[in-house]
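Structures for review follow.
In the two assemblies presented below, subunit A is common to both, partnered first by subunit B and then by subunit C.
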Partner chain A sequence: MKGKVKKMSLYNSPRLYDQSKTIVESFSVNESKRHFLLIADQDGIEKVRGFLPSLSQDTYHFYSVGDTECALALNTTPISQQDFEMKRSEILSKQKVGTQLYIAGKWKFAEKIFTEAVASGFSEEEIQVCIQGPKERYTYCPSCYTLSAIHPEDVESQCPKCGVMLVISKHYSRVRKGYLGYPYVKQ
Partner chain B sequence: MFKSTNLDQFVFPWKEDNYRYSNDLKRLNDDESRYIIEITPEYEVQVREKRRLLDEQPEVRYQSFPHTMDMQWELVELILEQATERYPQHFTVDKDGDHWTFTNHILHEVEEFIFGDASSIEREPLDLIGRHFHNDFVLMAYRDHDLFLEVAQVSFAALFSANWNKGMSFTEIHGPVPFVSRTGVPLAERVIKFLLGLEPGKPWTRVNWNLMADRWDVNYETMHIWEPQRERVTVENAGKLVRLRVEEQKFYRLPRANAILFNLNTMFLPLEDLKLRPEWLIRTYHNLSDIPPEMAAYKGIDVFLNQSVEYLKREVEKLNVTQ
Partner chain C sequence: MYFGNIAVRVGAIQQETATIKRFRLFSVNGEPLPIFGGGAHITTIVKNGDELLERHYSLVSPPLERNFYEIAIRRDDQSRGGSVYWHDQMKVGDELEVTFPKNHFALSYQAKHYVFYAAGIGITPFITMMSDLKREGKTFELHYAAKSKELCAFYNELLAAYPTECTFYFSEEGNKLSPEGMQDYLIGTHVYFCGPPSMVQQFTEAAREYGYSNKSIHFEVFASKTFEEMDPFQVVLKKSNKIIEVPEGETLLDTLLGCGIDARYSCKVGGCGSCEIEVVEGDVDHRDTFYSEEERKEKQIMIPCISRARSNRLVINL
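And now, the complex of A and B:
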């Protein structure tokens, strides 16, 4: 089987954001796939531990990032954070077409892998993400074009650059990487 | 800003006395209506206002991706071909191979460039030639089974932002609005399918309308300014402050770029001018009286709709008295 085709990230490439359809509470087996790649940091390792029995051992490979001890199970590679950073692109791009990717860990960890996976040719349907800890969320101020971090529960915020108040909409932009804030003036 | 003074060129949006939302798409004939370019008595005001907005707010008004140059040149060719064909007295293009000289005889301006060579001009191709016409131009490229906004020169569109909407698919752009028929049928997929089926040389059109209160510029960027101003409208001042805003949209297929041009011709008419065409006054009154509340809310006119309707009612009553 051919390996995945590396493609440039386009402006309309999928991004990992808090409402991404790839984000799940628990992993599920994609029955249409025959090969599975799992990558977790030490925060996400329990999610993978609970899921691995669902997969046949000869169908998956698991990278346990930040794990320097014995492998969790067969077909597991413990790898330091530093080594994984260097090899991440190679690991993802050498996967066979039709591989399902599972990512478990903190937001920043997952986001880097997601972005690289998309550039390597993975579609959103081929990726599942279990986030440990808070998801990052941003709002875009149209008055001054500033992106600022917000809490998942925030319905409004104040732009840190121009000070205008923003009602946070559900309108998301992959190019601007945040949700549109509708500006208003507090009375 | 400006208003339509030649009412024969104003596209009145309603065909019936009761409000009916519809796609309203129709094929353009091989007559004058097929042209992108329309010169009105307000041309100079429109173009100078557009240029002012582009110069003062470039990030808001003009957005494009670097890979769109070929697409832009194709649109420039279409615009100039149509402008010179329809208005040879106003616009000419002299070609010496790829060396083109475009002359705008209304404004007495000349643009010289090597067609297809972006290094021969200081602005991007569409940004340069687009400034000679009052239209808003939006190019949506066909990619990954959808249409994506890749170039936009937009000065007069309401509740739209070239800066924000850059790179969005057709569905994503319409995400926040109830893009459904009056019976609740989702329209986005249907419209995308229609647009993807457009043939080169066979444009279509539809009309979009809205009301504006006081402020002309009603984009996302200045929402905190114009939203409160809507509350200034009263029955007494609605005739002056409230304008009927009509957006005539024309859709053209650019075959080489495999893109769709959304050409927007925006027209404004204050409510007080409707009495110049009594049948328009009456029809506007009936339609605005009949707008569903959710439609009024999404169009942002709920705050001043009642005042506008009451103003129109009084004007219609005056008509009945004098007839």
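And now, the complex of A and C:
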């Protein structure tokens, strides 16, 4: 039988979430890579400053986002937030195979770069993320399909949209972008 | 509707090159054959006197074609006899059984660009992969090595279907396939290798050296590396306390099957992991291409179709 076959899209893109294996306390050199790309906002710059001496100067490039006057070392590009937003996709997608990506900064900053990096072809093994400040965490309500923010220590929450009580499971859904919540009736 | 294996009949035989024949197989009962994804293969089951020849061949027919399957087989006088039987004995009208399509060499959905490296008969899994990718509008390249144009299977078809994607390397013209070009691809490129074990090993090592992540390196070997030493060893089956002796030159899997043990298996060349068993005690001589070094250290497992014992005795959880 020839003709059109409905294409099944297999959703398997990694997401940045609070328990992601890409999140580290401090960066480490991936010895299997030939080139290193570092991107930090002003909150993450200290993490990069402490790490750069571990790398040979001709193997890395660092984008310092938000401070156009900063120049930590050779191979550093200070870039404004606005310019980086425009060039982020190009910077990531032009990297060659064998590149390790390091991201340092606040959650929202890191999440955008992580998502763009995955879309450009980086695998999770090729990304390390140092988060400055709190990590964001979400739970998914199966009753009304709402995603709501929760605290890292929360084990239960109430859906802000439909009011149902949820036990927060340990299962993170990459499709729903949050931890699955199991509804229960509070006694 | 099919249950178990599929009864097929040889409908056509085409001499593809001096050493490769293409066989077209139709279902005996006339029912549509199952579709499959790029890279899939079937196991053909043929009776040669008292011997049952089970051999795996990549499908080369269009993945959505349900009227027939096609396989291409290179005649190898050094093989265990399967290819010689197909070339010398099989004729149009002969009937045999084949398994449902299986796939240990599937396309990765994470790749942004696909680069295929094929040598000789190693081209076969890429035929269906390129068909899938072309239909889905994804980008790919093929680098295909053969001795000469005359010995290059599917040359005209590939040039017609994928004129800008194919690069051919004919060793008799002094043009050799090299892994060096792999280092210049953009992030998100996945590389695929299929050919003789030495070629696959060379390209896999080069890809790792250039920094490709393990998930972006894919390969299939049709035959295992030739290991000279296949010393005998003893195996204890933990659940039954049965002791079996694996003789020199025989694999543990074949010994288990010969003892009537219903051990799972598929490729029999150490590439798919289907026959994996848990090792309770003993030192394993890992010869497979399925597990990474880290996995071998973390897990107490072995691939019995090819791996053996480094010590004299193994205890396995069967």
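Before moving on, here are some points about what is shown:
Just so we're on the same page, the second predicted complex is superposed on the first by the 176 of 187 C-alpha atoms of A that agree within 3 Å, B and C clash if a C-alpha of one lies under 4 Å from a C-alpha of the other, contacts with A are read in each partner's own complex, and residues count from 1 in each chain.
As a convention for this text, a contact is a pair of C-beta atoms (placed from the backbone, for glycine too) under 8 Å apart; a residue touches a chain by one contact, two chains touch by 3 or more.
Given the structure is predicted, the values throughout are model-derived calculations rather than measurements.
Once the two complexes are laid over each other on the shared chain, residue contacts for A:99 go to subunit C alone; subunit B is not touched. Of the two partner chains, subunit C is the only one touched by A:32; subunit B is not. When both complexes are overlaid on chain A, the residue A:143 reaches subunit B alone and has no touch with subunit C. Contact with subunit C, but none with subunit B, is seen for A:125 once the two complexes are overlaid on the shared chain. In the superposition on chain A, A:173 makes contact with subunit B only, while subunit C stays out of contact range. In the superposition on chain A, the residues of subunit A contacting both subunit B and subunit C are 10, 12.
In the complex of the two chains, the subunit C residues touching subunit A come out as 32, 35, 64-66, 109-112, 136, 182-189, 208, 210-216.
By the touch rule above, subunit B contacts subunit A in their complex via residues 59, 65, 143-144, 148, 161, 163-169, 172, 175-176, 220-224, 227-228.
Every residue of subunit A that touches subunit B in the complex is listed here, in rising order: 10-12, 140, 142-143, 145, 164-165, 169-176, 180, 182-185.
Taken in their complex, subunit A has these residues touching subunit C: 1-3, 5, 7, 10, 12-13, 32-35, 92-99, 120-123, 125-126.
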